[in-house]
Structures are given as structure tokens and as C-alpha cells.
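You will see two complexes here that share chain A, one where it goes with chain B and one where it goes with chain C.
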Partner chain A sequence: MMVRKVMIAVLAFLAFAAEAVSADLPPEPLSHAGMVKAAIEQYIIPHIDALKAATAPLPDAVDNVCKTGSPEAEKALQEHFDKAVIAYAGVDFLRFGPMLENGRREQISFWPDPRGFVARQMRLLLLNKDDTIAQPGAIRKQSAAVQGLPALEALMHDKNVPLGPGDAAHYRCLVAHAIAINVASLATEVADGWEKPDGWADKMLHPGPSNDTYKSNSEAAVEVVKALIVGLGLTADLQVKPQIDAKVRLTPPYDKSGLQKAYYATSVASLHQLYDVLNLESWLPPDRLWMKDWVVGTWRTLESSDGVGGHMPHAKREDAPTLREVFDRTNGLRNMVANRLSVAAKLTVGFNELDGD
Partner chain B sequence: MSKKSGLWTYATQLAAVSGAVLALGWGPAFAAPPATKDIMKNYGDLAEAMYGDALAKAKDLDKSIDAFLAAPNAETLAAARTAWKASRVPYMQTEGFRFGNQVVDDWEGEVNSWPLDEGLIDYVDEASYGDTKEENPLYTANVIANKKIRLGPKMLDASTIDKAVIKKLNSALDVESNVGTGYHAIEFLLWGQDLHGTGPGAGERPASDYDLKNCTHGNCDRRRDYLKAASGLLVDDLAEMVDDWKTDGKARKALVEQNDSAQLSTILTGLGSLSYGELAGERMKLGVLLHDPEEEHDCFSDNTQNSHYYDQVGMMEIWNGKYDGSTPVSGPSIAELARDKAPDAAKRVDDAMAVTLEKMKAIKTKADSGEMAYDQMLAAGNETGNKMILDAVDALVSQARAIEAVVAALNLKVKIEGSDSLDDPGKIAKAK
Partner chain C sequence: MNSMAIDRRHVLLGTLAFIGATALRPAFAGAATTAAYVTAARLADGSFGILLLSADGTVLREVPLSARGHDIAVDQASGRVVVFARRPGAFAVSFEINKSTPPHVFTPGEGRHYFGHGSFSQDGRLLYASENDIATGMGVIGIYDVARSFKKIGEHSTFGMGPHEIMLLADGKTIACGNGGLDTTPEAGRENLNVDSMQPSLTFVDAESGKLLAKHEMTGNVKSLSIRHVTQDAKGVVWFGGQWEGSPSETPPQIVGSVGLDRPFKLLEPQGKGGDDLKGYIGAMAVSNDGRFIAASAPKAGHVLYVDTETATVIGRSNLKDVCGLAAEGARDFAASSGFGVIRYETAQASKISERALQDVAFDNHLRRIA
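Let's turn to the complex of A and B:
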């Protein structure tokens, strides 16, 4: 039942997002400035706003659980949490600008966590029982691993000491409430960072010699194309690969809440939307138009998978693609965007945070 | 000291440097831009000289460890620690050769793997370290205390600790934090765990841990064998890398087999990837966001400020094609080419590198003075220290962006690989 509700939430989120990008794509190559404008107006701002809206109810939802401990309150909190995670999955790969500043992305969602920081540092935080954690802004000074959605999820799903009224959960409730406020506050900061006058949107829309980050429209366009490439890499390497390569030990995203499939579905659909908005294909010369068909087939494959080896209901493909196929196709699309489509669009894609070991 | 001062002056007086470049006849007004083959020859020469200095310092370290083991006491231990820190200076300058040269990337894991679960190697403080870690069955395997270690279905015979045995610990059971060799394994063996958290102080391993007559913590004979094997292996590995950069060495051959654009891209790929994903991300930002002293690069010795600083120094040397080491190298560089073909983009890199160096220098000065060690800077609530590190992170990200602009201006291409390919489909668990 819970899984079905989550998928309904995913579909609702995607319908909203699809509406945001429903404008007709131009027949001519989209200029670099046009790409940036389209990405900001049709993808980035709507999704960032969605994150802000989805995280806003979390503090009250935590409060209700802590005051009543009722199953209804618990259910409501879980539903709000799921929506927040799904909204976050739509912006996970926008790893620049206000998300990058001060480590806000890691503070909102410290995942992946291959070295188990969330569990270890939460344990220490709960042992210390420092009531000042409830003071405004106090949690923000703590480790990123204890101040975002994974930390809140850990508290929500600790069966030994569930959130609720009573002394045993008192301190945990203080922490959970502080985390919920923090996440909502971070999402608001990110939205403000994008949308305020002279904010990041303005910075990307007005490049030039005096701009401290983007010297040209091409550099700003590269930023959003890199986000797409990063997103494809994250999906392949962090969500799919651990399931088919025994050497990669990684817990799926928001596994305690059963959100692995929802996270995958949202990631893929969101990346598809950003891909469409950027319209890199509009730069393809006639002898390269075959790439469009390949890309269409790839999205169909990715969207026909539920991300764990099964079939996505109502998918265009009737069979369930294997995870190996999903991995290879996702990687292939990443290579296509990075090495073919961006070249056709006269963009030079450089470095991103996934470089390095 | 003179080298550091010289570099600092160089980096902060770019206008003067530009003048010097022109005076040497490399500038655009007086000469054609350097040819790729000349840039790459100088790049290879730089690598050979820089790895050569790293090898020389590793040999010094090996000798100092011999002296320490011959007479384990506080003075000889301090001398070995000093030698270890000195060995880091030239090695860190070579890290800009990573991420573009496959020969280096295939080799590096044996030399500078980090972070490591030190309980694999020796005793640890259970109260702070814990005794289990879900992701690593070898978390407290303690090969110094145990003559047999189970590696999945096989038993590792560690009855004699030698180079071959400790090499087998690297990535054992496919866990990256199982590290048996390299600088950080030696660092742990010389310092021990830093149990001061984000407070002042580094590891305090006693010299008696190696004293056969007055042994502390047991197994001093095996600990001695381990330290000597790790030190000797480091020398071997660095000697191999020096050979790889000699004329007709593997690394140089691999480069010349590529076309001109790919060769030049290799230089910038190394600098950009080290700046952003590796140094700004993995090594610096993660630590300060987690406020976790275990996340500092040289966490046992509290030498992180130097490792980061010399990474940046090395990147500037590779960019400028100039190294003032025991074998000075100076010649045609990617920077020179960029200054000719795309002066604005080149200046942006020069400026960005100078800013990064300034931020790194500030961290180094603060830590070297004893006022605030790098792990103290990481502490939750230390706004000054946190900011110093995040400022350096921001500078490194800007530096990567500037390098990216040079890639575009020179019409080069940073190859974006697909994710690590699944090399052997036969080993892949059957898809669900």
C-alpha cells in the first residue's frame, strides 16, 4: 500500500514537472543563451520550488508525531518525507550554484554514505543529548550527516525508540524537529539563492567578463549540460551499478522508507525532462540524426525499468530491461551527451565533482 | 625553504612572471607558440624530475627507518617522522600527473591510498575506533598481531610480513579502505592513531612499539617487519614510476601514441580533476562538512596542510612547465601555449591558481604555527577554521572552471568516460 502511494506521489511530481516543460521545442538549434534560459525557467526553478514546497510541511509533521505518536501522524510524516525525497531526487544532480554553496546539497541529503557516517554520527549525537541542538541554527553547525533527510529517516525508522510522546523519545524528537526545520530552511535558501535579484539565475543569464563565474553563454550552458551528465553518472554508478557489481557496496537511496524505486523513477524522468529542455539534438547535422532514435530508445529502456530489475507499470516497453542493460544504456547516454551531443552543440564539457577517485 | 619562497613570489607576482616569460623569448610577440611535442617533452621531463625527487626522499625515509629500527627511541622516531613529512613534499607535487595518465592511475593506489581502516594493520583504540564496520570485515584484522588473515574463502599466510604480504592487503575483499601499503600505512606505523579528535595533538605512538627488548603493545618484531616492508615497497614503487617517465618509459610512450590534442588534454585533465573532484571534493569539502578528523588526508601526523599546499604547488609547476627541484626543469608549457592562443583564458588560470595558493598558504601558515592544526579547523563550531577550508575549496572549484575555459579555448576536449566499465561481465551478479 505504501509503495503504491509513493508511486502516485512520483507520478504527481512528474506530471507537474512535465507541465513545466511542455512548451514547444524550437525547430532551430537552441542558442547557448537559450539553453540556459530554458533550463532555468522550465526545469531548475520549478524543481527547486517543488523541493521548497515539499520540505515546508516536515516540521509540523514531525511535531504531530512527537505530540501524539498516532499511526495517522506517523503515516502523514512518512508521506511528507517521501514527497520531500522525491522532490530532492529531481534536483540531486544540480550540483552547482546555491546547492554547492556551503555544502547545502550534502546537508539536505548526505547520500551515498559508503562509510556509514549517518549511523555513526547520529549515534554520537544521540548519546551526547545536548539540548542546545534545539536552538535555531544549532543543527546546521553539526556534521552534514546528521542534519538532513537521511538523518531524519534514521530517526523515523528506529524501532527501538520510535518518535513519539514520552521521555524516551524526547531528545530524539528535539533532533528530528531541528532536522526538519533545517531541511526546509536549506531548501528555502536554495530557492532564494536562485531566484533573488542578482541571484544564481541572473548570474547564469548575464555572463560576461565581469561575471565572476560565467564569462560567456557557452560556459553557463556547459554548467547545465554537466548537470545532465552528472545525473546520468549518479544514476548509473550509485543506483544501478551496486546491484550488478558485487564489488560496489552501497545501500540504496532512502531504503528504510522503501524509496529506491521511486528515487530511480524520479531521477530518470527528471533527467529526461532536462534533456528535452536543453534540446541538444537541435544541433545535430542531418547525417547524425540517427542519434535521436538511439536516444529515444534509451529513454524508453530506462523508463521501462523500475530500477531494481523489474518492469515499470505502463511502460512503453513490454519487457523488463535487465539492470545490465539499464546500466549500459545510461552510460551510453552519458557518453552520447558528453562526447557527441555537446560537441555538436559547440560546448566543451570539462570537470565535475565526480572526477577524482 | 627557498623553493617555497620562490614559488610563492612567482604565484603572487604574475605580472612580473609574464614579463620574465617575454624576456625569455617565449611570449607571443616574439615567437611562435610552442609545439605540442616540445610541451610534452617538457611535461615528461617534469614528471621524471618530480618523481625522482619523491624517490630520493623516500630513500631518505627508508634510511631513517633503518636507523630508528636499529635504535628505537624518541629521537630516532622523531627523525623518521621528519623524514616522512619531507618525503610528502615532492610526492604531493606529482599528483597533477594523476587522472590523465593511465600508467600513473594504475599505480597510484599502492602509494597514496586514503582513507584507510588502520585496524587492518595494527592495534587501535577500540573505544573510539570501534571493533566492527559493516562494510569491512577486515576492519580490525590487525595483521601485525595475526599470522593468518581470512580473505573471504582464502587464508592469507602472514606468518612472515614482507612486501608481498602487505601488497595483498590493498583493497582486500574489494574494500577500498583496506590499505596495506604506501605513505599512509607508513604514517600510521610511525604516529599511530590521533586520539585527540579535533583537539590539538597528533598520533602518539611510542618508540617502544618497535623495541624488541622493551616492547609495548606486543608483536614488536612483526611491527618492525611491517614498517620496513612498507618503506622498502614505497621506494620500489617510486623507482618504477621514475622509470616509467624516462625516455621510452611506459608513461611517455603512452602519451606520444595519442594525437596532439589528446596529449595536451591529458595535462589539463590531470590539473582539473585533481583541483575539483579529488582535492576540493573528496579531501577537503567532505571533511569540513562532516567535521570528522578521520577525514583529513594526513590524519595520523597532522600534516594535511602541507599535503594540500604542495598539491597546489605541483599543479602550478605542471601548468607553467617549471620545477625548481634537485634537477631544475623549465621549458615549453601548456600555460605558454594558452597565453599565446587564449591570453584571457590563460590569465584566468594564472589568477585562479594564485588565489588558491594564497588560500592554501593561509591554512599552512596557521597550522604550521601551531595555532590551529588542520583537524582543529574541521571542528564543528570552528567558524574560522571551517571558513579557511571552504575558501580553499571555492578557490579550487574556480580554478577547475578556469582550466575548463582553457580546454575550450584551445579546442581541446576532456574525455568524459562512461562510468567504470564492468570489466568482467562473468563476475557480475546476475541481474534481478
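Let's turn to the complex of A and C:
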């Protein structure tokens, strides 16, 4: 039943996102300025706002569980939590601008966590029992590992001391509430960072010599294309690869809540939406139009997988793609965007500049 | 198998495209059969390899790799080179420039991976490599016996987390370690796990005993400046370039600086909004052959910064999209390579001497002079 609810939440999110990009795509190539505008208006802002909206109910939902301990309250908290995670999956790869400021990305969603920092730091926090954790902003002074959604999930799923009324869970409830407020605040800060006058949207929409980040429309457009490339890489390397390479031991995202499939589905759907918004294919010369068919087949493959080796319900492909195929196709698409489509669109995404080293 | 015994000499001769209007300098033009540079690269078919280039940019030899390489350690006396896998890779490939013997592949051993950089001892008998102790996240200097097919014979600590470039200094006894301060594991790919608590530093380690000689930590408003690359000038001063991991709005005005065994680090005086202009990332450092000038590449910004070490001032800044690889050329000039296949010669005053491009080849982060 819970899985069904989650998938309904995913589908609701995707329907919202699809609506956000439902405007007919222009038949002509978008200019670089047009790409940036489209990405901001049709993808980034709607998804950032969705994260803000999805995280806002978390503090009250935590409070309700802590006051009543009722199954209904627990269920409601889990549903709100799932929606917040799904909303975050839609912006996980927007690793620039307000999400980078003050390390907000790690604070909202400290994953991957191969060293188990969330559990370790949470143990320390619970041992210390410092009541000042309830004070505004106190949680921000803690490790990023205990500030966000994975830390809240850990408290929600600790069967030894479940959240609820009573002394045993009192301090945990203080921490959970502080985390929930923090996540909602961080999402609000990210949204404000994008949307305020002279915020990041303005910065991207108005490049020039006096702009300290983007000197041209091309630079701003490259930023968005890089996010798409980063997102494809994250999906392949962190969500799919651990399942096909025995040497890679990585707990899936939000595993305690059973959100691995939902996270994958949202990641793929979100990347597909951003890809469509950018409309890079419209720049392809006639002799390269075969790439469009390859890309269509690749999205079909990725969206026909449930992300764990099974078949996505209502998928366009009848068979379940193997995870190896999903991994290879995702990397292939990453390379296609980085080395072919961006070049066709006269956007130069550098080999060395992409992620530093 | 990380490298195949395939040696495709001259295969890319036909892909050369001359794009500079300036004629090559005579000193460069006549040496088309002598290998002058080595670099890792992405090749036309999307695969990865090591390229030996003549001074005029001609590809003389190509050694395929199964994954992306990074920097190359060069032992000038023996003509031996070692290319290291890009982090978190776990292979290194050695071969001799003037021989056609098959490349030799070796690894850092269980529980370790490379960070892409290394350095030979002055006598060429040992190789030092920057590595990750995956279990703890602490940096180590792997020590390899060259004569015994690069058998690993020991390790020293780098006294920091996430070392990137390590360099044996001119005294032949001290290793400078750029500890990026970032915790990474192969499981998490290239994700940084501790940006909020990172502690970057530049350490000096005795190459023989492994003793820590000095440690200079990035603190205060540069605590998020991950030290990535190092080089040394004629006076023995170590110069470093960093990668900013903190808030974009707090990018320091300069991310290139100098440090010594007995003196703390000092960033260059800002030349306007230097940090912003460099987009927070220095991809490689090099020193001129006379030791006076430093070059620092900023691939995200598409700039090379030139510094006169006598005055510690920026004396030139050139523009080249996705520039990263740097190497000395002549007494005071530099060669720079880019991810778009361009190799360019320019002076420390940032005047272009000549430029060539290889079609469909992307030069990786580092370029090393081998002759």
C-alpha cells in the first residue's frame, strides 16, 4: 500500500512537472538566452518552488507525531516526507547558485553517505542531549549530516525509540522538529535565492561585463547544460552502478522509506523534462538527425526501468531493460549531450572544466 | 587490462589542423620526430589514451587507456613516464618514451586509489604517488620501487585528507603535498563527503623518513580552499593553486598563493576580482625553466595566469577556452593545452607565439615536458 502511495506521489509530481513544461516547444532552435529563460521559467523555478511547498508541512507533521504518536500521524509524516524527497530529486542536480551557497545541498540531502556519517553524527547528537538544539538555527551549527532529510528519516524509522509522546522520545522529537524546520528554511532560502530581485535567476537572465558570474548568454546556458550532464552522471554512478558493480557498496537513496525506485523515476523524468526544455536537438544539422532517434530510444529505455532491474508500470518498452543497459545508455546520453548536442548548439562544455580536479 | 600493447605511431598525423596565423618559431618547427610533451587525452573515438607530442604538436605515439588518465610523472634521465588514473581510479601505466616495449600497468593495492599525481625520486629509483586510504579517508604517499616493476614498498602519510598533487622538491628530500581536505570514496564516485568540515592544507614531508616537516592549514575565510596543484620556483618557494568549495558568494579574491617550509601561505594580491574571474578553480601549475615565472590555468574561466615570482604579482593573463595543461618551454615561455585539442605557446606576458589544434582530441588536465 505504501509503495502505491509513493508512486502516486511520484506520478503527481511528474504531472505537475510536465504541466510546467507543457508549452509547445518552439520549432526553431532556442537562442542561448532563450534556453536560459526556458530552463528558469519552465524547469528550475517550478521545481524549486515545489521543493519549498513540499518541505513546508514537515514541521507540523513531525509535531503531530510527537504529540499523538498515532498511526495516522505517522502515516501523514511519511507521506509528507516522501513528497519532500521526490521534490528534492527534481533539483538534486542543480548544483550551482543558491543550492551551493552555505553548503545547502548537503544540508538538505546528505547522500551518498558511504561512511555512515548520518548515523554516526546522529548518535553523537542524541548522546549529548543539548536542549539548545531547539533554538532557532542551532541545528545549522551541527554537521551537515544531521541537518536534513536523511537525518529526519533516520529518526522516523528508528524502531527502538520511535518518535512520539513520552520521555524516551522527547529529545528525538526536539531534534526531528529542528531538522524539519531547517529543511523547510533551506528550501525557502534556495527559492528566495533564485527568485528575489537580483537573485540567481536575474543573474542568469542578465549576463554581461558587470555580471560577476555570467559574462554572456552562452555562459549561462552552459551552466544549465552542465547541470543536465551532472544529473545524468549522478544517476548512472550513484543510483545504477552500485547495483551492477559488486565492488561498489552504496546504500540507495532514502532506502529506509523505500524510495529507491521513486528517486530513480523522478531523477530520470526530471532530467528528461530539462532536456526537452533546452531543446538542444533543434540545433542538429540534417546529417545528425539520427541522434534524435537514439535519444528517444534512450529515454524510453531509462523510463521503462524501475531503477532496480524491473519494469516500470505502463512503460513504453515491453521488456524490462537490464541495469547494465540503463547504465550504459545513461552514460551514452551524458556523452551525447556533452560532446555532440552542446557542440551543435554552439555551447562549449569543456572537458577539463566540467567537474574540476 | 588498463593498457594494451598497441602503439599507434603517427596515427593522428592526418588530423592536425593549423589554426594559428603566426608561424611556428624555428625552435619548435624542426623537431617533429622528437617527443617533447606527454599528456593524457580523450581521443577521437571517445576512448582515453596517453599522447606523446613533438614540439610542434604532432602526435608521435598513442598509448590507449581503459579509463581517463590524469597527470604524468616523468623521469627525464631514463625517459620513463608514469600516467596515473584520474581519481578515484586505481591504475597507473608506465612506459619508456624511446622504447617500444609494452606499457606496464600497476595498482596501489587493496584499500587504496590514486588521486592522479606522482613524482619520481631524483635518481629515478623510486616513484611517489598521492593515494587515498579509502577506509579512513586520509592521504598517503605510496612509494614504489621502479626496478622491481613498480612494486609498492612503503607508504608515508600526507598528514591531511584528499591529497591531490604531490611534488618532490628541488632538494630531492622533501615532498610537498597539496591536501585538498576533501573526503571521497570510490563508492560515492566524485562526490565530496565533508565540504562543511574540510581541512585543506599544504604539508612538507620528509621523503625518506615520512616525518612531517611543516603543515600549513587553510583557515578562516579560506578554509574551503581545497589545495589542488603545486609547483616550485627558483628560490625554492612552493606555489599552489586551489579549488574553491565554499559558497560562491564567498569565493576569495585570489586562489593562487605561495608557501614555504618555514613561512605560512600567502595568497597573491587580488588583481580585481581574481577569484571570480578564475571561477574558483586552478587546474594546473607550472614553472618556467629559469624558475622565475609561474603559470596557473583556470579551465572553468578559460584563462592562464602568469606570475612573476620576484614580485609576486600577476604579469599576464591569456584566454583559451578550457585551458588546463601547462608546461615550461624554452627559458621563460610556456606551452598550454586545452580540452578542445589546442596546444599553444605563449610568453609569461601572455603573448601568443603559436597555436595548433588536433581535431576531435581533448587534452586532459596536465601536460608534461619530456625533452
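Just so we're on the same page, the second predicted complex is superposed on the first by the 349 of 357 C-alpha atoms of A that agree within 3 Å, B and C clash if a C-alpha of one lies under 4 Å from a C-alpha of the other, contacts with A are read in each partner's own complex, and residues count from 1 in each chain.
The rule is simple: a contact is a pair of C-beta atoms (placed from the backbone, for glycine too) under 8 Å apart; a residue touches a chain by one contact, two chains touch by 3 or more.
All values derive from a computational prediction rather than experimental measurement.
Student: Should chain B and chain C be called a clash or a fit once both complexes are overlaid on chain A?
Tutor: With chain A aligned, chain B runs into chain C, so clash.
Student: Report the partner of chain A that touches more of its residues: chain B or chain C.
Tutor: B
Student: Just checking: does A:Ser270 make contact with chain B only, chain C only, both, or neither of them? Give me first, second, both or neither.
Tutor: So A:Ser270 meets neither chain B nor chain C here.
Student: Based on the superposed arrangement, let me know which partner A:Pro112 touches: chain B (first), chain C (second), both, or neither?
Tutor: After superposition on chain A, A:Pro112 lies in contact with chain C alone.
Student: Which partner does A:Val308 reach: the first (chain B), the second (chain C), both, or neither?
Tutor: A:Val308 contacts chain B only, not chain C.
Student: Scan A:Gln260 for contacts with chain B and chain C and give back first, second, both or neither.
Tutor: neither
Student: Is A:Ala246 touching the first partner chain B, the second partner chain C, both, or neither of them?
Tutor: Touch partner of A:Ala246: chain B, not chain C.
Student: Is A:Val222 touching anything from chain B or chain C once the two structures are fitted on A? First, second, both or neither.
Tutor: A:Val222 contacts chain B only, not chain C.
Student: Go through the superposed model and pick first if A:Gly97 touches only chain B, second if only chain C, both, or neither.
Tutor: Touch status of A:Gly97: second partner only.
Student: Which partner chains sit in contact with A:Asn64 here, chain B, chain C, both or neither? Use first/second/both/neither.
Tutor: Touch partners of A:Asn64: none, neither chain B nor chain C.
Student: Just name the clashing stretch of chain B against chain C, choosing from 133-141, 205-213, 349-357 or 421-429.
Tutor: Residues of chain B that run into chain C: 349-357.
Student: Same chain A residues contacting chain B and chain C, which ones?
Tutor: Of chain A, residues 100, 102-103, 106-107, 114-115, 117, 143-144, 213, 233, 237, 241, 247, 249, 335, 339, 348, 350-353, 355-357 contact chain B in one complex and chain C in the other.
Student: Mind pulling up the chain A residues that touch chain B in the complex?
Tutor: Contact set of chain A toward chain B: 100, 102-103, 106-107, 114-117, 121, 141-145, 213, 215, 218-219, 222, 229, 233, 236-237, 241, 243-247, 249, 308-310, 322-324, 327, 331-332, 334-335, 338-339, 343, 348-357.
Student: For a test of understanding, state which residues of chain C touch chain A in their complex under the given definition.
Tutor: Against chain A, chain C makes touches at 42, 46, 70, 86-87, 116, 137, 164, 183, 185-191, 193-197, 228, 243, 246-249, 273, 276, 279, 281, 283, 299-300, 302, 321-324, 338-340, 362-365.
Student: For the complex, which residues does chain A have touching chain C?
Tutor: It comes out as residues 96-97, 100-103, 106-107, 112-115, 117, 143-144, 212-213, 233-234, 237-238, 241-242, 247-250, 335, 339, 348, 350-353, 355-357.
Student: Which chain B residues qualify as touching chain A in the complex?
Tutor: 99, 133-135, 174-175, 177, 272-282, 285-286, 288-292, 348, 380-381, 390, 397-398, 400-401, 403-405, 407-408, 411-422, 425, 427-429, 431-432
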